[in-house]
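Both complexes below contain subunit A, partnered by subunit B and then by subunit C.
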Partner chain A sequence: MSHHDIQKPTDITIPADSLFAKLPMLGGGLAVVGLGATLASAFGENKARAMFSYLWAFEVVLAIALGALGFVLIQHAVRAGWSTVVRRLAETAMVTLPVFIVLFIPIVALGMHELYPWSHHTDAILEKKRWFLSVPFFLGRAALYFAIWSAFAWLLYSASVKQDSTADGSAEQKKLSHTMWKLSAGGIFVYALSQSFQAIDWMMSLQPHWYSTIFGVYFFAASILAFFCFVTLVAMALQKAGVLKDAITTEHFHDLGKFIYGFTVFWTYIAFSQFILIWYANIPEETEFYMVRLQGGWDVVSYALPIAHFFLPFLFLLSRHMKRNRTALAAACVWMLFMHCVDMYWLILPNFGTHGEGHHEAHLAISYLDVTALLGMVGAFLAAYGFFLNKNKVVAINDPRLTESLAHENY
Partner chain B sequence: MNANEKLWGLLAQYENPATVYHACEKVRDAGYQQWDSCTPFPVHGLDKAMGLKPSKLPWAVLIVGVTGSTLGLLFQMWAMGWAYPMIVGGKPLMSLPAYVPVWYEITVLTSCVTAFLANWIMNGLPQPYHPAFASKAFERATDDKFFIMIEAADPKFDLEKTRALLKDAGATQVEELEP
Partner chain C sequence: MATATAVVLPDDPKIRGDVTLEDPVGGREALVRGPHDFHSVTELVCAVNEKPILETPNPFKFGIALAAAGAAMFGGYIGYLFWEGPGIWGNNNPVGWAWDIVNFVFWVGIGHAGTLISAILYLFRQKWRTSINRYAEAMTIFAVICAGSCVALHTGRIWMDYYLFPIPNQMGLWPNFRSPLEWDVWAVNTYFLVSTLFWFTGLVPDFATLRDRATVKWRRMFYGALAMGWRGSMRHWVTYEKAYQILAAFSAPLVLSVHTIVSFDFAVSQLPGWHTTIFPPYFVAGAIFSGFAMVNTLMLPAREWLGLKDLVTVRHIENINKIILLTGTMVGYAYAMEFFVAAYSGNDYEGFTFINRMFGPYWWAYWTMVSCNVITPQLFWFRKIRSSPAWTFVLSIFVNIGMWFERFVITVTSLHRDALVSSWDYFVPVTEVFFLLGTFGLFFTLFLLFVRFFPVIAMSEVKSVMPQANPHWEGYGHGAHAHGGGNAQPATAGGH
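== the complex of A and B ==
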């Protein structure tokens, strides 16, 4: 209740014998095997399928890292107190963003022709979009997005880590908080634009005739939701490994649960907003997006999404007691991460074999390449995550708002 | 039973949230039932210190919300698909997507109105008069002072013992309130 008797946590480094210490090795191994197998297929006759699986896995995992960047920016910009105990866990996910530059190379080097019809084909509509959908401009934009994300991730991460070794109450400690706050205030704008245009470039242009002005927001909703599920599971796993045992309390998990619940509703709101305008207006170049997703097995996924991505988690997490129960919350996180994979799959894979055109019939066919790509991509992400998690303290120990966060209580 | 028929209860004033928090714990542990505390701002954990049970408000909201939601959807289906069939934009009569915005809004509306009204009813509002309003000191309950009031109707109430309990818990002044 009062802040005087709050002790800062001391269990703030990863024990050498825990699974987290082995994460860089395990993840790295998984990445080599998984991505190796996927990319090896990209040189055979399954090239197109391999590249679609690769892009899907890339977006699934990128969403988590981008969600983390968005979260950290917002926490600094609004000077949030409650979240300080989990902020480093988010910063660690955010600072893996430069790794995605390497992971993006195969998409450009191998997959442009297979993935993006506009790169080699043109018609009356695409001719009008040529100024935007051209390979050099596409690559330039990608470079810009990665530059923005890497710069903000690295500046915010290094400032936060630097603060760990400042003296409590010192001018330097305050100055670093101020720096992160100012960076974030401007960062939110470039983050919002870059992550939206990333979704437009890398996913929406798979079906280049189609457009949706809400697509960037749709990706943001999916992205930050996946991030909240990820960080909740990491926090629980860390406590199992004997880290931050008393620092992260039911109150913090309750708040993370509220965000998961809230962004589940937000995702639905955006997904439905996109759908109802297209459904109501019924214009051919817009409806083709749903047309391909209502046939050949994809219709099952289209009907399952509102049920499994909205109604089930909505009813499951509605009660306060469920959000405060670790087992229930962990189950919800695992489920929502699975649904995040399904959601991205539903966005990307129907374009395989249809050249992004609505009059070709799509067929839902899961491939072993999906499994290898996802395992490899998750492995690469976790390896980088584990590397930074082991490198520094797992909590921003000298953040001026840490005591406020430790004492945080919900009404 | 108390000799003073004109007594409604005791009003004790505390200076800070920590004192009123611990005072509430003492009153709760002494077994009082008909009492309340008033603070100028929400004090974290005070509901636990007072031993309050979780509010029933969420249940009222859930029940009315689900009822309103269901009726709202059924009404649209009946009106648009059955009673006044009208083709809009070439869509089938029973077009669920078209009903969703109103379905959603009616769920929010019924839930919010229930939360608002149930809140008033459960808190006994509006309350134009309360015995504590007679106290000059109580005006500062919305400013910088913290209060506990125990009703004389409480079975545990004993003027001297109750006064001593409140005093010992750190009250800076204890007033007798008339009905």
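== the complex of A and C ==
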């Protein structure tokens, strides 16, 4: 409890010669090349494939940014102490959310017809869904989601940055903490709804006859898990670059590892719940989701998911020593981010070529467009991430709970 | 660190815990109020258990008499059910499941708060849990006993219940392991076993305290047997801490798995209103929600009457209420998502079920559920309300009612309008009210016996979160100089 010997870190800005300082340039370059190549294909005969790759890469990266927003909201709402040293790293991921408005434009401008069968096709069931699945309403909802995310991301980020320059123990410092706390408590509810409906709109409606009430929770589980892996890797990389070397300790990595472990189990719980209920009841309009994913090469992915996304990390990260060993934890994070890509791929890509209908046969075929789209999207995200990381301090240096976080120990 | 300013609290221990303190932001509010040391905490908690039997206060005698009468009535009711069969219930065709299952799900849900507090809040290092975990876990065990009796009685031929277990027999009958009802048997039994072990492990050091303080022979023997030779040696504590952590890790998935499997009882079917994929997490959230409400219902009178306000403070009540607000809104999310997808699916049967819930014959049950579970908990957004014991008590009763009705709505309204219009019926209970009251009698009998004879607060755990447990603590009046916040009302920071 006594923190009198705890010193606040001083290595809190990105050194000019580090790779992080060049991140906006490097990421930007990658974005131009990757997204350029993908979108160039979208004007050719590969249009549909390019748009599916684009949407996949978009959701992979959006999940990380949304996970970051969720994390920050929760940390403030529960007045968490342990996480203060890594919160700015999450806030930086969260504040990239407005960038996704720009990244979303190609989906609307080029991809509506290719991606969403309901936008141009109709049948008896789709007619009943017309009240929800219509292009204007879809666009209106997208605008609403982006407005909510951008507003919360920006308000929380700017309040946190503002706190950096307040005096320790001042009324203003305390007031900002209270503001973020209040904002987050309400924000959690708006966030829960918007991220769920985003998943329904942009992913579930790819297969428009199919429905599952747990889908929003599934996306949340995937998203927060991907975020925890991302922030752990960023924290390790920053320490390599000479930033926050003593501030982020094994104790914090241990906690991040526990969350990665916990949410791996949570993701499995949600995925299994969805599967077993649909499998058991065996109702045709629901089973079509799994039917298309159990053929044409997708069956391998379907069987691999529980093994590679659950059993392997579950056994690998079970021990306390693995979570406290940086190399092991880093390996787990890289693996889980890869599995996050596979998971999103499994959700989105089987709808390519099947018009989202369960009776069409889907074929698993990886394209170079997947590579260009993912590299480009990650580049765009990292460019924005690097920009904000360089712009401000990498830690919420005047957060009143920073000392508690610095002194944090697991028992 | 930034120290929390020393707070001047009133001397009167009766109101000390009811004073709302401002969030210190940098640092943490003291969890125990007043000038307590380890000894005074022991005195405070043991006082209840050490009162001689003949000096039991009258209100307590009256309470336990009332509860025991209810339990006895339950015994009689079981005999009547045994004799007459489930025909004494209003169950009809198509409503084959009614209050029997509603009561089961209601009680098993209540238990979840205790497990969340003892396992998940422990793993999340929520130190405030130490003041409430003991009776929340006791509540869990007694609620699971009630749930178990409901589900054992619902089978009709109660004397055949042993067929639920895979016991080799000459008739070659074997449980169907593909049935969620069979999964339920294992889930609930596992839950009961692990919860009881966890609860008992935590109790051992406290039993030893009571044994060592015993002044009469029976008490020494009673607590001595329960303490199982605990001497408080370093070796004992090391083993204890390990066992505690392992049991917490075992219990954490149980918080999710038990009610998940209960939800499977409904959701694996093809019935609209039962079959929906969000049921597992939605049931878990609802279970925690109802359990925390029951914690409030039991805890608020107890802290008042047993004089435990220094240990269970307004901060504890506020924290519980925040969890109620969160889980209540999660339940609201699930209601909304079910409703949305019923509309989105374009499935006429799904759509009918949800419209029928709202405006059909059982509209009153549906709106009771929504009002008590989603609307009234929103009052906890206001700090005045969530830190008021009176408001909290009233709203906790609302949640208890709402969550009972939720199970009623799910079970009965989904069944009473099935696909064949000619078989539609309306369920009316006949003698079931006595069934529900009987389980309450059993529950309160067990709970009051627990309060009377077992330490209601985990003394050894509360002591571990007091400033005196900190290795750097240097005694009253000194800590403030050396370590910031070491005075009588210190800020106990999250780290050690």
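Methods note: the second predicted complex is superposed on the first by the 410 of 411 C-alpha atoms of A that agree within 3 Å, B and C clash if a C-alpha of one lies under 4 Å from a C-alpha of the other, contacts with A are read in each partner's own complex, and residues count from 1 in each chain.
Simple rule for what comes next: a contact is a pair of C-beta atoms (placed from the backbone, for glycine too) under 8 Å apart; a residue touches a chain by one contact, two chains touch by 3 or more.
Values in this document were obtained by computation on a predicted structure and should not be read as measured data.
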item	value
Joint occupancy of subunit A by subunit B and subunit C, clash or fit	clash
Partner chain(s) touched by A:Ile276 [first = subunit B, second = subunit C, both, neither]	both
First (subunit B), second (subunit C), both or neither touched by A:Asp168	second
Larger contact residue set on subunit A - subunit B or subunit C	C
Contacts of A:Ala143 with subunit B and subunit C, given as first, second, both or neither	neither
Subunit B versus subunit C as contact partner of A:Thr403, first or second or both or neither	second
Partner chain(s) touched by A:Lys128 [first = subunit B, second = subunit C, both, neither]	second
Touching partner for A:Ile214 - first (subunit B), second (subunit C), both, neither	second
Steric overlap of subunit C with subunit B in the superposed model, located at which of 224-232, 260-268 or 332-340	224-232
Overlapping contact positions on subunit A, where the subunit C interface meets the subunit B interface	1-2, 276, 280, 282, 409, 411
Subunit B residues touching subunit A - in the complex, by the definition given at the top	17-18, 21, 42-45, 58, 62, 89-90, 97-98, 100-101
Residues of subunit A that touch subunit C when the two form their complex	1-4, 6, 79, 81-82, 125-129, 131-132, 168-169, 174, 177-178, 185, 188-189, 192-193, 196, 200, 211-217, 258, 265, 269-270, 273-274, 276-278, 280-283, 285, 400-401, 403-404, 407-409, 411
Residue ranges of subunit A in contact with subunit B within the complex	1-2, 272, 275-276, 279-280, 282, 318-320, 409, 411
Residues of subunit C touching subunit A in the complex	1-2, 23, 25-28, 123, 125, 253, 256, 260, 264, 267-270, 275-281, 326, 329, 333-334, 337-338, 341, 343-347, 381, 467, 470, 472, 482-486, 490-496
